[in-house]
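There are two complexes below, and they share chain A, which is joined by chain B in the first and by chain C in the second.
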Partner chain A sequence: MTRPVRRLAVRSIPAAMALALAASAAAAGEPRQGGIIRYGHYQEPPCLYTGWVQAGYIQRQYADNLVARDNDGNIVPWLATSWTVSNDNLTYTFRIKPDVKFTDGTVLDANAILYNFNRWLSDDPAKANRNAKLYVAEYIRQISAPDPLTLKIELSKPYQPLLTVLATYFFGILSPTALEKGQEAICEKPIGSGPFYVDEWKRGQYVVLKRNPDYNSAPATAKHQGPAHVDGIVWKFLKDNTLRYGSLQSGESDAIYDVPAVYWAEAQKNYTIIQDITGGTPTRLQLNTARPPFDDVRVRQAFAHVSDRRKAVEVATHGSIPYNGNGSLSQSSPEHVGALHDSYPYDPAAANRLLDEAGWSARDRNGVRQKDGKPLTVRLLYAGGSLLSADATLVLQILQDQARDVGFEVVLKPIPQADWFAGKGRTVDDYEAQPAYWVASSAEILKISWRPDEGGVINANNASRFQPPELWKLIETADRTFDDAERLKLYQDAQRLIVNNAAVVGLFPLTFTIAAQPKLRDVWISSPVSEPVFHDAWFEE
Partner chain B sequence: MTKPADQLSVYPQTLVGDQLLRFLPSADALRTVPATVYAAGVVVAFFLVAAVAPSLLQTHDPFRTDLYATLQSPSLDHFFGTDQSGRDLYSRVVQGTGQSLAIGLGAIGLSIGIALLVGVTAGLAGRRTDAALSRFLDVLLAFPNLFLALLFVAVFGATTTTLIVSVGLGCAPGYARLIRGQFLVVRNSGYVEAARALGHPYGRIVRQHIFPNAMRPLIVMITMGVGQTIVWASSLAFLGLGVAPPSPEWGALLDAGRNYVTVAWWLEVMPGFAIILFALSVTVIGQHLQDRLEGRVNP
Partner chain C sequence: MSESTGLVAGEPTRAGRVRVVLHRLLGAIFVIWATASITFGVQSLLPGDRAELMINAAAGTFTQPTAAELAAVNAKYGFDRPFWEQYLHYIGGVLQGDLGESYQSHRPVAELIAGQIAPTLALTLSALALAWAIAIAVTVFSGGRDGPVARAFGGFQVIKAVAPPYWIGTILLVVFSIHLRWVPVEGGGGLQGLILPSLALAIPLSGFIGQIIRAEFGRVLEQPFVTSARMRGMGNLAVRLRHVLRHAVLPGITLSGWALGSLFSGAAVIETVFARPGIGGLLVTGTATRDIPLVTGIIIASAAAYVIANLIVDLLYPIIDPRLKQS
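Presenting the complex of A and B:
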C-alpha cells in the first residue's frame, strides 16, 4: 500500500521544514514575535524532570544539554562550543559557552555542569538519575572543571556512544541552586537555561511555560539564536483522543500531539503534520525466555508467526504509524537491519508445525494446545492507556484472536501506569509477554535492553530474560569500537541474534506526531528521541 | 407511598406466603397488563437468553477479527455493523450481556444486602444506634457514588468482581437510608401500635407486620436498581476502568468505540441502545409491579 506518510516519516529537519514551507511558501518571511502556543499533549509524566520520555518532551523546552545531535546523527555544539577527544578515546575536554545563566540567575559554567554529573551518578537514589547512570556510570573515571569554562570527562574504558547519549534529554543541565532543593521540588518546578521556564504545573491539566527573555544558549541545530519568538506555551494534558483532536478543530489548541488514527487522513488535509519516528527499541513483545512455554525457541518463533502483525498495525493505526517487525531496534535508528522487519511473516502453518515439533500437539476442547497437561497460555501484561494507546491495544486484541487459531490462549492483562513503573505484578513469574518501548537515538539502547544479570542483580529492563554471553559480547564490543563500519556490523549481528531467537516480536515504533494549525510555523522535532522544539516557532498573521 | 395503615392492619400479610402469591397475577389480571409491560418482558427474556446461552442468538464469533472488514456499517450480515478490528458488533453485544447483567444483578444484590443490614438495624434499634448509623450513612452519602467506585477500582484493579463490589458499595448508602426510613414509618404505624396494644410479642410483630410491609417497596426498587447499576458499571468502563479487553461488556464496548464516534456511529449507538433497552424494560416492569402493589391497577 502506498503510504503518503512515508515521505514525512523520516528523521530530518529539511523534510519537516519543506512541508511547513510548502504549506504557505508565499507567506514565508521574518518570524513574528508574540503569542502563546496552546499545545495539547497526550500523557502527563509524574515528574517534570528526566525519567520517562513524557517528561523529556517538556524538559527540551526548559533545559539545555552539553551537546546536540542533528537529525542526521552528527553531534553539534550546544552548551559546549567545541570539544576535543584524546587519541585513546578516554578523555573528552569541552569548552563551555560563556555568559550563560539559568533562569533563576545561577551562573551556568563548567562547575554547574560538574554538579549535575555528580548528582546524576550519585549513590544516593534520591539524587541519582537512573537513565544517566545506566548509560555512563560504568565508564566514568573522573569528571573535573579545570577552569570555569572547561569541563573534562575522563573514562576508564572507551565508550563510543558517549556524545550521543549526552545529547539526550536525561542529560539536560539544571540549576544547581534548584537541584539543592531536592527531588520533589525539582519535579514540580525544574529550572534550566532553556528558551522557556516552567511557571506553573497544574496537575491533571497543564504546564505553563513562559519565554526566557535572556536565552542565549540555543544549540547549533536551532533555526535562530536568542530568545523564543512566542511568549510562552500552555502544555495541556488532553488524554482523550477525541477531545484532543476536537480542541484542534475548534481552535482551542494551536497544535496537538498524536492525531488519533481515525482522523489521520482528515488531519493531513487540514493541518500541518510533522512526524518523527523515534529511535531506540520499538514497541515490541518481549517474550519471557526464562519460563515455559517461551523457554523453547520454537514456541517463541511460532508465536511470532501466528499473527498478521503488519496488517494489524495498519488497521489499528489507519496507516498513521509504520510497522516495525524488527523487534530489536526502531527503523529510525541508523543501525537497524531492515531485512529483519520481514522475519516471521504471518504463517499459521509454520506456527502449527513448530508447536507440534515442540511437543505442544494435544488440544483441549477449546482448541488450546496442551503439553504435559498444561495449557499453552500467554499472560500478556501491558500498560494500557499509558505506554500503549487505545489504538495500540487493538493490535494486541487482533494478535490475541489470531493466536487462538493456532492454539495459543492469550490473556491480556492491563496494568495501571503507576503500578507499571513501580514494577508491580511484573516479576519473572508473572508474565509470558510484555510489550514496551524504550526511546534512544540509536543502537546504544541495546546495552540497556540486553545487559545480562550481574552478581545476582536482575536487569529489569531485559524483560525477555534473554542473555546469551555471545550477545553481550557483540554489544559491549560495538560500544567501544570507533571504526564505523566495524561497529555497524557488530550492532547488526546483535540484532540478528536477538530476532532469530525470537526473544522479541516487533510491532511498531514510538512516533512523535504533531498536527498544527497552518498559521503556527517552524515547529520542529529534534533528534535524539523526537522532542518537539517550540523555540523557533512563531505565529503567522 | 404506603397503603393506609388501617387497611393493611385488617390484612396482615407475610412476605413468603400470601405476599408472593399476590405477585403472580391471575388470568384476569394478565388481561389488564399493558402491552408495554409485555414488550418489556420480551426484551428482558431476550437478554436473559443472551446471558445464559449467547451462542443461541449470535450470528458470528464475537471475538473473531477480520482485518479486511473493519468499521462496516450495519447490514443484513452484520446487524450492528463491525468494529475497528472487524468483529461483529451484534454478536459482541449479545456476548457482553452475561457480564453486564452479572455486574448489574451482583451489584444490586450486594447493595441491597448491605443496605438491609444497616437500614434494618438503624430502623429497628434504639435511638443511639440509629443516630450513629444515620450519621455514618450521611458521611457516605456526602461522597459522590462514582467517587467511591473509582477509588475501589483504582486500588483493587478492574475485574468483574471489583466492578460488582465497587458499584454495590457505591449504591448501598442510598438504599440503606431508604430502608431505614421505611422501617421507621411502619414501626410507628397504627397497626403496629395496635398489635403492641394487643400484647403481641415484639419478635412476632417484626416478623408479621413490620418486615413485610416495610420491604414491599423494596422489590420495586430492586428492579429499577438493576438497570441503574448496569448504567453505572458502563460509566466506569467508559472511563477506562472497566473489565479488560477484549471483553464485550457493554460499557467496555462504549469505551472502545468512543474515539470513532464521528466516523462509526454504530459503535456507540448500538451498545448504548442495548443498555437503554434493558434498563428501560426492567424499569417498566418494576413500575408496573409498584403500581399493582399500591393498588393503582387491579391486581
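Presenting the complex of A and C:
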C-alpha cells in the first residue's frame, strides 16, 4: 500500500525562468563557470564537524561518503566504485575509487576510510560519532583494508539498511591527517575530499567554502563529474526569518534556507523554490503509554480524533508543509503506508464516545473530563528553536484549543533546548505527550525510535514508551531481511501496529526548502536526509 | 555600583584618593567574583546530566548515552569530582585569566570572546551615544515647555522607553533595508551595518534618558541663576544649552552606567535580528547547549564592562559638575 512519492519537487518556476529554460534548451549551453554563491542559512553550529544535522548540511559540501542514495532509495557509487555482498549477507567488500585526495593532499584510500570507521566507533567521547554508533555499532564485527583500494566490512549479524545508513552525512569521510590535529582544529577547519573546502569561518557571520579544483569523486547522483562550476560559497548564518528573506529580496543572497510561511505565496512567484521532504520520523506527538490517561488505547485514539490536524498544519504553515498523519514514518520514506495518514480523521463524536467508554465521562465545571476525581490533563512538553519551529508551535495551539471541546485539558509546556538535551523534565512521569522528529532516509529509523529498553538502558527516543515485543520483532526481522517484498511488508506491519495503537499522532514531516534567485541553476537537495548540494550549481547570465 | 560618587566624600589628599580608588577596585573584584561564582554555580547545579547534555547537543540526538560514554565525558571534564573542587578549579583558572574551553566548539573561551567583543562594544557604545543625542535634542527643544507639541514629545519619550528593541529593530529593518533599500539588509561588521542596530537599541534608551533629564531640565529652568543669565541678555537656546543642560544631564549620566549593562543584554537580541557578529550571538548558542565555560565567560566579560562603565561615570562627575571637585 505504498504510493509513489515525488520526494524532490521544484515547486514553482517563475515565468521569466520558464522562458529562459526554453532558450537555454535550444542553445544546449554548457553551465557557465565562475561566481560565488551567497547562501543564507539559518542555524550556526558551534563546531563544523559534529553529528548534528545543522553541521551536516555544511559537511555535505566538503566531504564525500562511501556510497550515495538516490531519491528512489537506490544505493549508487560514490567513493566506492562497486561492492559485493557475501551470500550470508555478513561481508561487504568495497572497491575504492583510485587517485582521490583530500584537500590537504592526504591520499584517500581504504586505509583512510578505515581510520574514519575506527574513530567513529571509538569509546573516546572526543572521537566517537554518536549517530554512527547508534546505527551500526552493534553489527560491526571487523573492518579491514586488505589492500589500499579494498575495504572490507564484516558484520556479526545481517543488517539490510547498512548501505543506506553509510550514505548519510555523518558517515562523511575526513582526512586522517586533519583529524589527528585534535578537536579544536576539526571544529574550525574540517578537511574532506568534497567539491568545496572550508577556507575561513567568521564566527557569527559566515563560512567561506572554496572550490576544490582537483575534485574527482562526485557521487553517481551528481549532475556532473569534476570540480564545481562556481568558485565558492559564502555560507551565511541569518537566523532571523525577516532578515533572511529580506536578504533574498534585496539581492544580497542568491539562495536562502526555509521561506517563512507568511512569504510562501509571494516566494512562489518570484523565486525558484526547491523543497525536499525529509524522510525518517515526521514531527509527531508521542503519547506516553506508560501512565494514565494514555495507558488506555481508547484515550489515545480519542486524542488523535480531537483535532483537525490536516487543517491545522495547512493553516499554520500557509500550505508550505504537507500533512503527515502517519506518525510512524515520513511520507517521503519509500516504505511508508499512505493509508495511515487518514487513520484518525477529525471526529469529535468518536472522541467523545471513546472517552465515555474509557470511563472519563464526568466533567468539571470548566468542561474538563474527569475519572476518579482526576482531570483529563495532557502535559505537552516541547523544546523550541530548531527542534520545533514557531509554525509548529501554532499547530500545537490549534490542537490544544480543539481538544478542549472534547474535554481534554492540554497544557503546553515549553522547555529550554539545553534541558531537553540534558534529559531534564523528560522522565516518564513528566509528560503525557511530546512532539519530536528524527531525520533519516527511510524505515531504518524505526529501530532507533522503537528499540525496547534493555538492561536498564531506557530508549529515550521512544517517548511513547510503547514497546510490545511483537513490534520489536517486526522491526528487527525487517532489518535483517534482504527480500525486498518481504521486508517492505514487515516494515509496513510495524507502522500499522504503531498507528493503530495510537502510540504516536502524526503532524507533518521535516522539510528542507531553498528559495533561489532564478539565475542560480541546478541547486538540488540530496537524499538521504535533505542535504543541499551546490556542486552542480551555476549562474545563468 | 554607582550608589555613591566616591570622590565627593573623600578629602582631596593623595592618600584619600588612593583609598577611594582601592575601595572601588575591591568592589569591582567582588562584583566579578560574585558574578562568576553565581553563574558557574547555577549552571552546574541545574538539574539534568551535563555529560548527557554535551553528548546529545553535539550530535543533535536525545538518546540516553551508555554508562561508559558518560563516564568518559565525566572523567575528561572533571564532572565526577565534588562540586567545590570543580568550582575552585574554575575560579583558579579565572584568576589566571583562563576562562576554560568551550564544551561544544573546543576553543578557549577567552579567544572566542575576544573574537566577538569588538562588534558588541561598537554596537553598545554607538547606541549609547545615539540615545544621548536623541534625548538631548528632544529635551532642549521641548523641556520645560508646556505647549501641546512639548507634551506630545513627552508622550513620545514614554512610548520610546517601553518599545522593545526587537520590535523596533524588525520595523527598522523592514522599512529602511527591505523596502527603501537605504542600507543593506545584512550590515555585516561595517559602519553602514551599525546604523539600524544601534538605532534599534538607542530609541528605547533615549526614552529613559530623556524622561529623566527632562524632569531635571524643567526644575533647573526655574532656578535663580537661569533667570539671571536671561537678564544678562542671553538667548533662550544659549541658556538652555550652556546652563540648564549641564545640570540636567547629571542624573542621566548616572543612568548611563546602568544603561550600558542593559545594552549588553539588548545586544543579544539585536545581533540576531540583524545577523551581526558579537557576543550576543555567542551567548545564545552557549545557552542553547548550556556551554558552562562559554556562558560564564561571557557573563564575566559583561560584568567587567558594567563595572568599568560605572567607574568611568564616577570619574566623569567632577568634570561635568565642578562643584564636586571643590567640596
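Please note the rule applied: the second predicted complex is superposed on the first by the 504 of 541 C-alpha atoms of A that agree within 3 Å, B and C clash if a C-alpha of one lies under 4 Å from a C-alpha of the other, contacts with A are read in each partner's own complex, and residues count from 1 in each chain.
Everything that follows uses one rule, which is that a residue touches a chain if its C-beta (ideal position, glycine included) is under 8 Å from a C-beta of that chain, and two chains touch if they have at least 3 such contacts.
These numbers were taken from a predicted model, which means no experiment stands behind them.
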item: Fit-or-clash call for chain B and chain C when the two complexes are aligned on chain A; value: clash
item: In the superposition, chain B vs chain C on chain A residues touched; value: C
item: Contacts of A:Ala126 with chain B and chain C, given as first, second, both or neither; value: second
item: Chain B versus chain C as contact partner of A:Val297, first or second or both or neither; value: neither
item: Which of chain B and chain C A:Ala220 touches, first, second, both or neither; value: neither
item: Chain B versus chain C as contact partner of A:Ala316, first or second or both or neither; value: first
item: First (chain B), second (chain C), both or neither touched by A:Thr242; value: both
item: Which superposed partner A:Ala390 touches (first chain B, second chain C, both, neither); value: first
item: First (chain B), second (chain C), both or neither touched by A:Gln417; value: second
item: Of the stretches 56-64, 92-100, 146-154 or 254-262 belonging to chain C, the one that collides with chain B; value: 254-262
item: Set intersection of chain A contacts, chain C complex versus chain B complex; value: 242, 385, 416
item: List of chain A residues in touch with chain C within their complex; value: 44, 46-47, 50-54, 123-126, 128-131, 134, 182-184, 187-188, 202-205, 236-240, 242-244, 246-247, 249-250, 252-253, 385, 416-426, 436, 448, 457-461
item: Chain A - residues contacting chain B, complex; value: 241-242, 260-262, 308, 311-312, 315-316, 384-385, 390, 393-394, 396-398, 400-402, 404, 412-414, 416
item: Chain C residues within the chain A interface of the complex; value: 46-50, 52-66, 68-69, 72-73, 76, 102, 104-107, 112, 115-116, 119, 170, 173-174, 177-178, 181, 184-186, 188-189, 271-278, 281-282, 285, 287-291
item: Residue ranges of chain B touching chain A (in the complex, touch as defined); value: 63-65, 67, 70, 84-86, 154, 157-158, 240, 244-246, 256, 258-263
